[in-house]
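Each structure below is given as structure tokens.
In the two complexes that follow, chain A is the common piece, with chain B as its partner first and chain C second.
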Partner chain A sequence: MRHETPRLILLLLPAGIFFTAFFLLPLSRLFAIGGSGADGFAAYAAIVTDRNYFASLLSTLALAAATTAATLVISGISGVFLQRSRFPGNAILVAMLTFPLAFPGVVIGFMVIMLAGRQGLIGEIALRLTGEKIVFAYSMAGLFMGYVYFSVPRTILTVMAAAEKLDPKLEEAARSLGASTWQVVRDVIIPGLKPAFISAGAICFATAVGAFGTAFTLATRINVLPMVIYTEFTLQANIATAAALSFVLGAVTWVVLAAARTAAGSSVAAAG
Partner chain B sequence: MKRRGALFWLQLGFTLFVCAFLIVPVFLSMMAGLTVNYLTGIESGLTLRWVGEVWSGYRDTIFLSMGIALACLAGTLVLGIPAAYALAKRPTAMTRAIEELLVMPVAVPGLATALALIVTYGAAGGFRTSWTFILTGHILFTLPFMVRSVLAVLNAIDLNTLEEGAASLGAGFTQRFFHVVLPNCRTGILAGSLMVVTLSMGEFNMTWLLHTPLTKTLPVGLADAYASLRLEVGSAYTLIFFLMIMPLLLALQAMTRHVR
Partner chain C sequence: MTEGFKPIAITLENCGKTFADGTRALHPLTLEIAASETIVFLGPSGCGKTTTLRIIAGLETPDPGGRVLFDGEDVTALPIERRRVGMVFQSYALFPNMSVAENVGYGLRVRRVAGAEAAGRVAEMLAMMRIEALADRRIDQLSGGQRQRVALARALAVRPRVLLMDEPLTALDAKLRDALRLEIDELLRRLGITAIYVTHDQAEAMALGDRIVVMDHGRVAQVGKPRDIYQRPSTRFVADFIGTMNRINGTVRDGAFVTAAGAIPWREAPPGASEALFRPEDVTLDDTAEAHLRGRLTAAFFLGDRTRLFIDVGMEKPLVTETGARRDFTHDEPIGLRIDPRGLMAL
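Let's turn to the complex of A and B:
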């Protein structure tokens, strides 16, 4: 039906106009402004040449990598377990594990404060046990905890969906050939779940690199890139640097997600 | 029933621990919002005083967030469904590239998108200070979820056969669109709508930069309260937020179970 092409274009047009006016145009403007500061487009290199920015880039990437690793291990163990073992209460556990799915970053920051803040549960328990209060919410450790909290629910869902499609016969075959439990996990389950791990891991990574709400709730002094951008923009009014840094930040997360999508061959998108 | 090995109990213990990690702080904060003095504990008594304080001080943020979420839903429905239909009808390299582009606002951090909007439209006074500025950001961020969700359903059904059937009976495009296409993708529209409303209600990364003192949304108010008010008030505010998104979350959970 060739004649319907104009109609399809017409249907696509509203979204297209909106998207061009409020995303493509602003982003190109952001790119131009990033190069309009005193240093011109060299501002884009500042993220590696400036020692402070480079340090925050490294700590951001390290935090994101640690978050991704921890989330995949936790969700891998619990996700496969919940998918494979049927026991009373299974559905309740799944519901509880996925309940925080849509909590925004600010609320997750507050959850970390409830656990590890000045009046937090962990501090209270430690005080009773050892006589010393442990408070780590307002630091990189707290941020790490928050990002794991954010990422576990969605990653567990992905792992469970992938584990469901995994053929149990493969594991039985491996076992009947004398493979130990660890060998089955290493040679059958982990390779089978690899696409899910890649796509879920990329989302964890991108979220931890670009998210802002949790860090904002915990402390403005945590040295991660989104906080640096925010400080440059609001406190220093250094719009060109903020623009350049956020453009680089956007490019990093987009590349990570695009690479993961190519590797895993499925839809990957960050959230929150 | 077969006997469970040590491995089973180990995994169960681990999973219960993860559950506690996720759920305990939720309960703690709900409790804190209703306790007279959190430091003393529940013995200090229960009160609705903090909820009342939040209601009198931050009521506007709740209504604004609801309004923006509904407007955002309307916007994504109007922009997203026709776009998803067009993308589903012509699965070419071109439309895939368009789909890829449309998803970008989700991949790019909200902070960058918000800065881009501010440097481009920040000088447009009336727009910058109105709630529609926040709405614009929210639509950008949530539109991909609506398009993806509807597109998934449209790709799963035999759209062309359905439409040809209707066309052969004399239905024009408008009739086909409203009486054949839309009813067939209602599960996708519903799932997308729930996602859009939930995300819009909780959006903070962009909103924090886009808001003005007169256009504070619920998460912006939350950040305010966490930073400057006592723990009990922050908790009471969080409690209100939980009560608002709980029905949405439960509906979303039910839908994912249904789809799986």
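Let's turn to the complex of A and C:
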């Protein structure tokens, strides 16, 4: 047994070096830079005390949460439907759905503008119908649309993979006991898909918190944290604040993902 | 403690099933199942037995023209959730996100049975299946046998009008299968519930069924009591599928069936029969000159309480018999056989 320890250390070495070089060192450097400004480490408090920063943190989290919720609802319904229904063109539709995965954020922002911008499709149609132009591309609503558009394909694929593994006998058993369609969804399908929902939702949330390209394309005045960091860094040259905000952004996302993973862990165990 | 079960009669009228791709899973079938009867659908995989069960359950609709009646009431258009049937699956199909007690109580919950009454019924079912100690366990903490008990308790908790079981013992190991088979048999007799049981295992079918429906390629091959099906199979398929059947070719001549290996006295032989069939238990070893058939031993399996012998008489397959004789058998030794004429059949 005593010979085990050196061997274990040796085996852990590659992971340790990687972790140190690409995670520990940059992060501690970032953390240090965050405290190197005029206010010292009080810069970290600014994210809560500064009304602008705090508002952008809250709106970033709210946007990410709303994106995640909308994505899960849309992907849950369509994922199960696409997995269960066989119709002509099914495979092509699924293949097309994965298209947005290939687009960078800039392109998605561009598409949102084409749909809901000043010359956009929605605006044109609204103008014809009501005489009023509806434009929401350059706001939180536009960003929300872009993020959902980007997140749905990936989540649908995860849900489809999970839906394929659902045991149809469970649904038949529930129905034989008198469960209505809605009760089957509530008691069998959603619990069965829960691990997939949690892992896909966590990725969706993290992506929405950190995404930058789409926000940058739509407008510079959208108040989300990645945009604030960009502004502080490049326009104001306020490097310490930018670093502090970056660190907090990363930490908050990490906490949310860790919480999701813990929840998923217990549900996976329950699914045995 | 187990009152409240009102057994019903079930009638299937011309129930056929053709799937969307054109495969005929079931040819139109008409069958009367009496209240409190246990019917076993028996056959190899793909014979249509599960499809029939699913039509009775309401998980499949029969082809146009087919009707399912519960005590005379036409339930063909009723979906399963409104038929009040209990179902037990080979894979147990227990809800992994619920405890044992929650699984058993699920049917009562979705039927909005009041809390106290539901709790009482769950306790009663757990006691009936002797799994009270497992009430709070998670499903993944249970063995296969325990899972199937929970599945039975869950199916019976809603007081179903009929209990439908689809290969409920197939996933269990042999010893447990025998024990649970006995328990299911006792349970069905005690509750007096109408029960429909699907299996590919003829021993299970013989043990549990009041009547057996033998199926083959989507058609009913024979319906009857286990003894009738065993002793008087109506087709070659049934004869081969249930138990072991010996066959030997020959001709009927002067009240005997004459084969290349010898002659078997058979007064009631149907004229023109070219093949005689008989079960291993109708064969006895006979070393004397009066032996009906003579052959050579090709294999002997010692099974403890008996020895299973395979005897080559020049037919396509060796004849099979079993003996309790306390002696060793050697390969290729000459064997004389006597056949009980009461066991002889021609198909």
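To be clear about the criterion, the second predicted complex is superposed on the first by the 235 of 272 C-alpha atoms of A that agree within 3 Å, B and C clash if a C-alpha of one lies under 4 Å from a C-alpha of the other, contacts with A are read in each partner's own complex, and residues count from 1 in each chain.
The rule we apply is simple: contacts are C-beta pairs under 8 Å (C-beta built on N, C-alpha and C of every residue); 3 or more make two chains touch, one makes a residue touch a chain.
Here the structure is a predicted model, which means the values were calculated and not measured.
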Checklist entry - With the two structures laid over each other on chain A, which partner does A:Tyr230 touch: chain B (first), chain C (second), both, or neither? => result first
Item to check | Partner, of chain C and chain B, that touches more residues belonging to chain A | outcome: B
Next on the checklist: Taking the superposition on A as described, I'd like to know which of chain B and chain C A:Ser78 touches: first, second, both or neither.
Outcome noted: first
Checklist entry - Just chain B (first), just chain C (second), both, or neither: which does A:Phe247 touch? => result first
Next on the checklist: A:Ala141 in the overlay: touching chain B, chain C, both, or neither? Say first, second, both or neither.
Outcome noted: neither
Next on the checklist: Output check: A:Phe103 vs chain B and chain C. Expected answer is one of first, second, both, neither. What do you get?
Outcome noted: first
Checklist entry - Touching A:Ala259 in the superposition: chain B (first), chain C (second), both, neither? => result neither
Checklist entry - Is A:Leu12 in contact with chain B, with chain C, with both, or with neither (first, second, both, neither)? => result first
Checklist entry - Both chain B and chain C touch chain A; at which residues? => result 267, 269-272
Checklist outcome for this item: Residue positions on chain B within touch of chain A in the complex are 7-8, 11-12, 14-16, 18-19, 21-26, 28-29, 32, 38-39, 78-80, 82-83, 85-87, 89-90, 98, 101-113, 115-117, 119-121, 136, 139-140, 143-144, 147-148, 173, 198-199, 202-205, 208-209, 219, 222-223, 226-227, 231, 234-235, 238, 241, 245, 248-249, 252-253, 256, 260
Item to check | Parts of chain C lying in touch with chain A, wherever the complex brings them together | outcome: 57, 59, 79-82, 84-87, 89, 91, 93-97, 106-107, 110-111, 138-140, 151, 154-155, 158, 164
Checklist entry - chain C touches which residues of chain A in the complex? => result 167, 169-170, 172-180, 183, 187-188, 191-192, 194, 267, 269-272
Next on the checklist: Applying the document's contact rule, which stretches of chain A touch chain B when the two form their complex?
Outcome noted: 4-5, 7-9, 11-12, 14-16, 18-19, 22-27, 29-30, 33, 74, 77-78, 81-82, 85, 87, 93, 95-107, 109-115, 119, 121, 149, 152-153, 157, 161, 164, 181, 206, 209-213, 216-217, 226, 229-230, 233, 239, 242-243, 246-247, 249-250, 253-254, 257-258, 267, 269-272
